[in-house]
Each structure stands twice: as structure tokens, then as C-alpha cells.
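There are two complexes below, and they share subunit A, which is joined by subunit B in the first and by subunit C in the second.
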Partner chain A sequence: MNSLQGLLYGLSIAATPGNLLAAFAGAFAGTAIGVLPGLGPVAGVALILPLTFSLDPTAGLIMMAGIFYGSMYGGSTTAILLNIPGESASVVTAIDGYQLAKKGRAGATLTIVAVGSFVGGTLAVIGVMMFSSLLAKVAILFGPAEFFALTAGGLIVMSRISGGTLASALLPMTLGLMLGTIGQEAVTGETRFTFGLPELAEGVSLVPVVVGLYGFAELMLLVEDRIHAANRPESVAMRDLLPTRTEWKRAVPSWLRGTFLGFLFGLVPGPAATLASFASYRLEKATSKHGSEIGSGAIEGVAGPEAANNSAATASLVPLLALGIPFTPIAALMISAMLVQGIQPGPLLITQHPEIFWGLIASAYIGNVMLLALNIPMVGVWVSLLRIPHYLFIPLLLVVSVIGTYSVRNSIFDVWVLLAAGVVGYAFNKMKFQLAPLVVGLILGPNIEKHFREALFLSQGDPWIYVESPIALTVWLLVALILIAGFIARRRAAFAGAMAQESSL
Partner chain B sequence: MTPARSFGLPRARRFAGLLALLLAGTYAFDAWQTLSFGRWHKPGAAIFPIAVAALMALSAISVLLERHGGANDPMPATFTLPDGADLRRLLSVLAAFAIYFVVMPVLGNMIASALFLLASMWLLSDDPNRSIVRLAIYAVVIAVVFEVFFVRLLKVQMPAGVFKQWLF
Partner chain C sequence: MRFRLNFHLMAWAGFALMAGVAGLSQPAPAADEWPTREITFYVPYAPGGSTDPISRKYSELLEKQLKVKVIVENKPGASATIGTGAVIRAKPDGYTIGLGSSSSLAYQPLEMKGLAWKSADDYQSIAKLSDLPVILAVPAESRWKNLDEFLADAKANPRKLKVSVSGLRSVNDIAIQQLNKLSGLRIVTVPFTGGGGEATLAALGGRVDGTAGFAPGMKGQIDAGKLRVLAVFQDGKYDLLPDAKPIGETPWKDTFPVGYYVIAPNGLPKPILDKLLAVSKTIVESDEFKSFLKANGYTSDPKIGDDMKKELAGYDQKFREVVKFLDDDK
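Here is the complex of A and B:
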């Protein structure tokens, strides 16, 4: 089946009433989650994960993807109207978006953002379609050494490009690896670090950790934050939603630049959507004809980053679909959903479960159209969601988080894990440690160990196996290249900063 | 302004680094004592945890040795934690949350959720004239809607509690 045939097959799967309903429910819930401050895309997907177990696997994954895209769309609404980014990838949108809203252009900016997200998401799906099927063909040749290089190398890259200092990512990542060693290990079945607790024999479940770190911890920050709780957005009238001809003209090149840049970032392990939006903002400043206006309310400052973050979010599906390796917390949750449903993610997914592979890709097209239809005409509904008082929605979301967590393994112990992860997430947020490396470490840790040990078994203890094959060697060289490029970029930035400081004295 | 207390971020991170170092030591010791090492061609269950412990020690040391306060330091010098009434409110919500799932197996999901919703709405509302009756109605309606949607419709398994035969 070539890509076009695959897409047509996927459309026939995604357009069934059940899957359309799943896509709509996911897009709707995702937009609401993105709009409400406190719950970002990761917590939103984590909360919905247990509910997808009662659906068929394709519908469940389509719903999760809908939540993911929807929350990326919705996150920008609060950024523009209240200067509060709904999720980290919308931080940049808040800079110019809020300035534009103060100039009375909130409605037009919301339209530019929604169309930009649609453009970024839709064009990136074409890339995902082509890259994933190509990469899946290559990945069939992978053995333990190649998978070890990809998972361990990906984790190393992620720890270095997650933002902040090296230690800010390395410490949480190692904590995630440690949590991943709890329970029965995959190679010989030996039980580790359970301290006599039967609940730990199956290991630490991903859902309570993610909901705790991303949901509970964020809600605790909202509990202590009274200043933002007092903010109420103004209404946006339908007639204000239409951008001027000049605004459309200025947005188009920024959307295209952002989409291309975002797709490249999506292929690299790490917080792709956030990094892509920041990179796009810098690119717009450097290349746009109106670069000097960016920062004080320029349409390019929202159009580029929004297209970039949606494109990156979509592109991050490539390693998930082609290799079965999750480099983001959301991809980890999607893998977890597949495993629970008895589906083995990886290069064979495209041949063994074409309905999931192509159905998910086709649903992204449909989901993006739905999101466009949901976001522009219904902006008033989303704005009114922001008027729900904190004392109502915080307890409501806490109850949903408990129901979602408990239902995965019917375990109160998991709810205690949620509370503990929430406290750790709150402390890490305050102390500027990164959260994503912890989650990815937890999900990739057991895989890294399995591939590491299997490779040694196969080679009878010869460590050269890790770099012997051309694929493994190429992956390690790419990892080294990314690390060296990152090091040089940081040195140059530090040097430029020091020079600027010296010249200002 | 929201009452808040400022703390030095470098000091807090060093404390976190120290805890991580302690964790690395304890974890490595436990792996060393209880797990098999195997042979080079047949590595045992202890190898990976020992490597992770070494990595944790390394990351803890890198946190302890971080230099702060330079012109290029991306981190702020301080962070704030709530104080006074806000701290009490945060801790009360946390306590209510913990009590919620302690009593859930006994009272069942619906009753425990309604009680938690009422308690946390009361704690979080800033309105001095808030009505307990109105909040109780909200709490009961939300708890019943959740029970119908999640437990009855989506078949999510939740504890039914001792009042199971009287409800639904």
C-alpha cells in the first residue's frame, strides 16, 4: 500500500460514525482543556487515557490525538485574552497576542491563530504520512543494538535540549529511569525495589505519575495564585473575528515558515512544540519585514509560532508510529494505550495494524478541520469557559484526576502515587527542574535496559555490538553531532551576551 | 498582593541535589545487596540499576556544583511559596484530597466525591458570603453526573462503598 492508498484507506476508517464522534469528542475536550489554565495537553491526554480502554483501539487513539491537537489550539486562547498561556508552547503567543488584544484586535488574532494552527497541523500530517511509512520500512532492520542507540541516544539528546541547565533535565530524567526499574524486570523476570508492597510488583504506572506531575501540580499552583484568579476576559463579538486583508497577507509567509521549522523540531526528541514556537518567534524577528514590531503586537509574532507548535506536535508522531519509541510524554501515553489494548507499537504497526496507523493519520486531517470549525465560530463559548470560577473547576478536575488514575488498575495505591507525583511536580516547578525528562525516562528506561541486555546476550558479552552496525553507528554519530552543535550554540550565545554586557558598561 | 515567602533558589536546588545523592546511595546499596550481577555475556538485574545510581549521583553532584548569579544564569535568584492564609488554604486542600481517597473505599466514589467537592469548593471560594447550601447542591450534582457518565456509561470501575445497595 503506498501513501495515497494508505491515506484513502485511513479516511475510510476515520470517517466511520464512531471514529468521527471520537475525533469530535477529543477535539472538543482538548480545546476546553487547553483553554482552562492548569491542565495542559499532557494532563488532558493522561486523564482521558483510562476512558479510552472501553473504546476500540483506533477510536481510543483518535480521541487521544484529538485532545492533543485540541489543547494546542485552546492553549493560545488564554494566552491572547488573558496573557496566561494555557500550555508551555503558547508562552510566545502571549507576548504579541496579548498586545494585539489590548489594541482591540483580539478577535482577528484568534482567527489568525486558529487558521495558522490548521495550516501547521495539516501540512505536517503530509510529512508524517511520508516519513513514518519510509522510516517504518528501515526500522524493520533494527535489532537490540539499534533500538538501544535510538532510545538511549534520544534520551541523552532530550536531556540536553529540554531547556534550562543540564542538571535541570538530567536529575528528573534519572529519577524517571529509577522509577522505571521498580517491579518485575523484562529480561529475567526478577522483582526489584518493591519493599514487600505487592502493588509495586507491576511497576509504577505511567498515568498517576503524568497526571500528578502535569495536572495535580499545576492545579496546586492555581490554588495559591489569586491574582490570575481575579482576571476575567472581555467578550469577543463575531464581527471582530475577521482579520483585515493586510493581516491575512502578513500571516501567510509566517505560517509557512513556522510549519517547516516546526516539522523539523518535531522529529528531534524533546519538548518539540515549545522549542519550535520559540525558534519560530526568533525566526520571524530575523526574517519578517515587520520584525521590528514583533514584541509590541505584530501578527507575525503569533502566526509563525502557532503554526510551528502545531506542526511540531504533529511531527512528534513520526518516531511513535514508525519506531514505537516515545520521545514526548504524550507519545508515551499513546504507547501505553496501545499496549493495554494488546497492540505492539513499532515498525510492524503499519503492516500488522494498518487501520490504526492510517486511521490515526487520516483522523488528524479530519480533526484539524473540526478544530477550525470549533475554534472560530465558538470562540465565545471558550471565552465563557474562562469565566468559570476557580473554586468550581479546580475541585472538579481533581475528582476527574482521581477517577482517571484509579480506573487504570483499580488501585488506591496509584492515587497515592498521583499525590506524591503532584507534590514532586510542584516542588520541581518551583525549583526550575524539567518535568518531561522524568516521564520519558520512566517510559524509556525499561526499554533501554531490555535492549542493552539483549544486545549483550546476542553478542556473548562483546560490547562492540552497540556500534558495530551502520545504523547504530549513524544514530550515535547524529547524537554526538546534535550535542556538539548545541554546545557551540550555547558558547556563542554566552559570548554574545558577555560582549553585549561589556559594551553597555 | 498574595502573601508569599521568598526562598533562595540556589539553596533549594542544592538541598534537592543532596537528597538526590542520598537516594542514589540508598538505591545502589539496595541493588548491590539484593540483585544478581550475572556475567558479562549474561548481565543480571543489578547492572542497569547500578548504572542509573551512578548517573543519579553524577546529576546530583552537577546540581550541587552549579554556579548561580552570573549574567548568563537563566534561573531567577529566588522562588516564592505561599504564606499565611494562602498556605493554610493550600495545605487544607491537600489534606481534603488525601482524606478523599482514604474514605473512598468505605463511602464509595460518589459520596466521597460529593464530600470532597463541597469541602474544597468551600476552602477555595473567596466570597465571604458564600452559601453552603448552594455549594452542596453544586457538589451533589457534579458527583451524580460523574457517577452516571464515568461509572454507568463508560463502565469505569470505581469503589461502590458500603452504601452500594441504597444507591442506584
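Here is the complex of A and C:
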């Protein structure tokens, strides 16, 4: 079956009323899960997993995939409106998104995000459909040394992701890395820095840290600064809901770059969607024509990452469908659903169960159209939420975040983490430290360590393993290149600045 | 106007939430009426491995038997001791039960200090769900066509052949170490994380010489001709993979499968315990459960209550011997 025949066959499956309903239910639930801070897609998929056992396997998987990419649409809403990321893949969206909202462009930004998510999701499905078996071979080429290069190199490159001085980024990043060492060490299961608390054995979870750092800290700033609180759009006219011509124009290249980058991240293990959004933000800063505006409310800083996280969510179907190996917790849940229903995941899935493979692909096309249709009209509703006085709306949202955070692991401990992260976030804001590097450190730290140790186990202690493979070496050279280029660019700017000053004297 | 509407909606949502919370704090009914509300089944592993599907199948059938909802909750971490501890420390009211494995129940107490259980006396044995044998597979393009060739090579090259396993001292690691102990061979195990997926990936990518794992996660690759199965660590033929040579046909037949069990905290009221044992017996002996086991490569070996406890006590001794071997071999 070639791609076109496959797609037509898939459409004949995905377009049955039951599967259409499953796609819609997944997309809708995903959007809601994304919008609600604290509740992330993993918890959402885990919640509906038992439900899928009574469904036809294809319908169940369509619904689960719908939740995953649906949550990528919804996650940015509160990030843009209130600086509270709905889930971890929307952290970077908050940086420029919130600035844009303050300028009265909330509606336009939400529209750019919805369309960008659609572009990222749809292009990624095309990629999955055309190249999945080829891409699966690429995934096999990556071992511990290559992953170590990607994650450790990524940490270095992303250290100054949100601008500011070097120190204002490195201190939070170090704190993030240190937090990442708490709990069970991945390879041996040894527990560290837990002070005998069983809750800490699983480590510090990302969701309460993110919601606390951004959300709770934001509330404290609002409470402290009434003028700041009054600084919100009084009314949003219809034309403000739509992006301007320039905004559309500026978003398109960012969408495409984000989609491409996100797709690559979806193929490797780890929190693909979150990492993809961070990497895309960094890429926009480096390559976009308006790179210097990013951080103070540039549409590129929102368009790129949001296309990237959707693309990554969709691309993570490749290792799942073509290899039968889960790279993300959501893919693991989907494999569980297949096994319970008696379907053997693996390279033969596409021939043994074409209805699942092509049904999922076709439903992803349909699901993305549904999500676009669902999210564009919602823009007006979301923006009108801004009219609710902040003193009512934010406390309510924070109550929702506490419930969401608690519900992920039924852990009151996570709620304390949420509150503590809020205090840290507030203090860091006051002291002009950057928050995003802390999140990057917390996400990447455990991954870096894990791949570092796995590589040494594999080479039986020989450190050359880190640079022996061509892929790892290439990654390290790229990292060095980016660092040197950045250094030269800064020196030049400083030199030019000094010259200008001199000549004005 | 729109603002008003939303505000009302939120007020309703808040009210519904409070009503929900209030609903949780009802007084506990008597033991002989059990169960009157939903039961939580903890799985101490992340989904995606061999533990999650079997837990969900058992829970699904338990739900049908008891006519209440059974919520499966994954509580992974610390080599399954977090979720197992959560069951053992739970209130013995029959509303919290969970999965245990031969590794989490009998092996981990030897490695970790301060766990809530040291032996099978510290928790209530309910039912053994199944055994799952470890299998050894090599990449399809590798030079070993069968187990004998692989072992001959391992003998000629001590500490050279590498086999990936899903975590240091996981059951598949222990199975290889037991083979090392009995045979005098020295096959190196390379631990990976991520529930066996990365260990399989390492073999597919040729970074290790073979991989030891479980059939549910590897059968897809074997069927597709990407991996070749050499051995199964059990006495007789493995129906799911008849090409695998049973380790029972080698001189080093004493081996470990991973066993999956249902446990509860100690001190369950008698009526609840009796009912739980009875329905569990019905489930593990049912055709539906057995055909699920067969289709997914698990071996059915129903043992209820004290029979299960005896088996775990036996594992305890065998594990002690392997630990001693590993310490001496350092």
C-alpha cells in the first residue's frame, strides 16, 4: 500500500461516526486539559486509558493521540493571557506571549498559536505518513553517547534562552540541575537527597515547579502592584482578535522552522514536546530577522515554539508505530492499550493492523482540522476572560492549578512543591533572574545524567565513547560553532557600541 | 453579558467540586458489605512494560466480579518499591490493593534498607497472576544463530559479550547473573532505563551483542525479523516463541522468571480477605484471564494466598545466593 492508498484507506476508517467521535472527544478533552494549568496530557491520557478498553482499539488509540496533540493547542492559552503555562511545553510561549497580551495583542497571538499548531500538526502528519519506516531507522542510530551529546549540548546552547546576563541565567539553571538530582538515580535506583521522604524518591515533578514558578509568582506580583494589575486591556475590538498582515508574514517562517525542529525532537526519547518548544525558541532568537525583539513580545517567539510542540507530539508517533518502542510516557500508555487489546506493537503493525496505522494517521489530519475549528472561535471567549477582574480570576485559576497539580499523582506533596516554587519564582523575578533556564535544567539534568551513565556502562568505563560516533561528534561540533558564533557576535556588538560612543564624544 | 455567563459557570464548577470533596468523606461501612465504593489498584511500574497490561486485565475482571470500579494507578519509581510500599502501608480496608513482582517483593528488601517489608510476612499474599520468563535475543544480523554458539563465544571471550537489560539488578539482569554464577561464564550486562524499550533499541542498533528482556516488549521485533530469539529462561518450551531454546536444556537450568502477584496490606478483616481470595481465584483460573496470558506470553501458574507466600519465601533464599555471588565477583 503506498501513502496515498493508505491515506484513503485510513480516511475510510477514521471517518466512521464512532472514530470521528473519538477524535473529537480526544481533541476536545485535550484542549481542556491543556488549558487547565497543572493537569498535563500524560495525566489526561492515563485517566481515559481504562475507558479505551471497552472501545474498538482503533477508536481508543485515536482518542489518546487526540488528547496529546489537543493539549498542545490548549496549553498556551493561559500562558499568553496570564503568564501561567498550562503545561510544560508552553513555558517559553509565556515569555513573549504574555508581553504581546500586555500590548493588547492577546487575540492575535492566540490566533497565530492556533494556526501555528495546525501547521505544525498537519505537516508532521505528512512527515509521519511519508517517511515513518525510514525515520524509524534514524531512531535506531541514536544510543546513549548520541543522546548525551544532544542533551548536554542542548543545555549549553539553551543556557541563555531567555536573555539577560550570563549570571542571571546560570544560577537558576544550576538550581534546576540540582533539583533534578533529587530522587531515584535512573540506572541503579539509588535514592539521593530525599531526607527519607518517600514522596521525594520519584524526584521533583515538573508540573508543580512550572506552574508555581510562573503562576504563583505572577499572582504575588499582582497582589503587590495594583497599578500593574490595572494594566490590562479594557476592551478588545473584533479587529484586534485577528493578526495584522505583518504578524501573519512574520509568523510563517517561524512556523516552518518550528515544525521542522519539532519533528526531529519527536523522533528521540525524552520529553519531546517540551524540549522542542525550548529549542525552537532558541532557534528563533538566532535566525529570525526580528531575533533581537524576542523576549519583549515578538510574534516569532510564540509562533515557532507552538508549531514545534505540536509537530513533536505528532512525530513521536513514529517510534511508537514503526518500532513499537515508546519514547514518551504517552506512547507507553498507547502501547499498553494495544497489548491489553491483544495487538502486538512493532515493525509489523503496519502490515498486520493497517487499520490502526492508517486510521491513526488519517484521524490526525481530521483531528487537526477539528482543533483549528474548535480553537479559532474560542479566541474571542478566552480574550473576554481578561475582562474578569484579576482579583477574581487569578485566585480561581490558582485553585484550579492546585487541584490539577494534586490530581496528577494524588500527592499533597506536589502542592507544597507548587507553593515553594511560587516563592522562588517571586524572589527570582524581583532579583531579575531568568526562570526559563531553571526549567531547562530540571528537564535536561536527569536526562543528561542518565545517558552519561548508560554510555559509561556500555563502554565499560571508556570515556572516548562520547565522541567516537560521527553523530555525537557532529552534535558537539555544532554546539562549539554556535558558542563561538555567539561570542563573536557579542564582541562585535560591544565593539561597535564602544566605537559609537567614542565617535559621539 | 459574556462575563456574567462565565462567572456563573465557574461558580457552578466550584460548587460541583466542593460537593465532590464532601462525597469522599463518608463514614466507612461494615466489612461484610465490602466493597461499597471504588477500589484502587496500584501498579508500582510505569505503563508500557509487561506489568501494566496484566494489572489492567486483572482489574477489569475484578471490576466485573465485585461490581465496583477498580482504578488502576501507576506509581512507579525506586525499582518498584514506592508503589509496593504504598500498598503495604495502606489502611487494610480492602480498598487499596496492588501488584507486586518477585523482584519488588523478594529481591529489593535485600538491596534496600528501610523498606516497609522484609519478607512475605509483612504483607498479605492474595494471588499469583502469572510467571513471565526472561528471553535472550540478538540482532538479526549477528553471527550467533543459536544459544550454543552464543555461549561458546562467551566462554572463549570472558567479559566481552554485552547484553542489555532494563535496569541494574532487574529480573532479566539477575537471570543473566544466575547463568554466570552456575556456568562460570562472564557475560557483561549493560543496564538501560526506560522500561526495556531502550535496552531493545540498543540491541537493534548493534550497540550491544544481545538483549535480555520479556516477550511482550520484544515479540514485535522478533516477528519482524529484526531480533533473533536464542533462549528462554525456563524449563520447557515457550509456546509464544518456540524457536527459543529453554535454559532447562542446558546444564545450568536453575533460573528465575519474573512472577507477578496481587498483594494487600496485612490485617484485612476476615470477610474481606476471604472474598478477595475467592474472587481472585475465580479470575486467575478463568478462561478469559488464561487466554489473555497465553496470547501475551505470560505463563499461567495460579497460586492463592498461602501457596503464593510459600513461593515468595523460596525466592528470597535464591536471591540471597545471587547477591552473594555478585558481591564476591566484584
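What we mean here is this: the second predicted complex is superposed on the first by the 270 of 505 C-alpha atoms of A that agree within 3 Å, B and C clash if a C-alpha of one lies under 4 Å from a C-alpha of the other, contacts with A are read in each partner's own complex, and residues count from 1 in each chain.
Methods note: contacts are C-beta pairs under 8 Å (C-beta built on N, C-alpha and C of every residue); 3 or more make two chains touch, one makes a residue touch a chain.
As the structure is a prediction and not an experimental result, all values here were calculated from the model.
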Practice item. Determine, under the contact definition given at the top, whether A:Trp248 touches first (subunit B), second (subunit C), both, or neither. Key: neither
Check your understanding: Touching A:Asn410, do we find subunit B (first), subunit C (second), both, or neither?
Key -> both
Point to revise | Contacts of A:Met220 with subunit B and subunit C, given as first, second, both or neither | key: first
Exercise for review: Quick one: classify A:Ile140 as touching subunit B (first), subunit C (second), both or neither.
Suggested key: second
Practice item. For A:Phe193, select first, second, both or neither according to whether it touches subunit B, subunit C, the two together, or no partner. Key: first
Review point. Regarding the shared-chain residue A:Phe457, is it in contact with subunit B (first), subunit C (second), both, or neither?
Key: both
Exercise for review: Report for A:Pro50: first if it touches subunit B alone, second if subunit C alone, otherwise both or neither.
Suggested key: both
Practice item. Could you tell me if A:His390 is touching subunit B, subunit C, both of them or neither one (first, second, both, neither)? Key: first
Practice item. Could you list which residues of subunit A make contact with subunit B in one structure and with subunit C in the other? Key: 50, 187-188, 392, 396, 399, 403, 410, 457, 460
Exercise for review: Using the touch definition up top, name the residues of subunit A that touch subunit B in the complex.
Suggested key: 50-51, 54, 164-167, 170-171, 173-175, 177-178, 181, 185, 187-188, 190, 192-193, 220, 223-227, 229, 389-392, 394-396, 398-400, 402-403, 406-407, 410, 412, 415-416, 419, 427, 430-433, 445, 448-449, 452-453, 456-457, 459-461, 493-494, 497-498, 501
Study note, to complete from the structure: In the complex, subunit B touches subunit A at residues 1-2, 4, 9, 12-13, 16-17, 20, 23, 27, 30-31, 34-36, 39-45, 47-49, 52-53, 55-56, 58-60, 62-63, 66, 71-72, 74-76, 79, 81-82, 86, 89-90, 93-94, 97-98, 100-101, 104-105, 109, 113, 116-117, 120-121, 124-126, 138, 142-143, 146, 150, 154-159
Check your understanding: Across the complex, what residues on subunit A touch subunit C?
Key -> 46, 49-50, 53, 139-144, 183-184, 186-189, 191, 196, 198, 201-203, 269, 323-327, 329, 331-333, 335-336, 339-340, 342, 344-349, 381, 384-385, 387-388, 392, 396, 399, 403, 409-410, 450, 454, 457-458, 460
Practice item. Would you tell me which residues of subunit C are touching subunit A in their complex? Key: 2-3, 6-7, 10, 14, 17, 46-49, 52-53, 56-57, 59-60, 71-79, 81-82, 85, 114, 162, 167-169, 188, 190-195, 197-198, 200-202, 204-205, 207-208, 216-217, 219-221, 223-224, 226, 292, 295-296
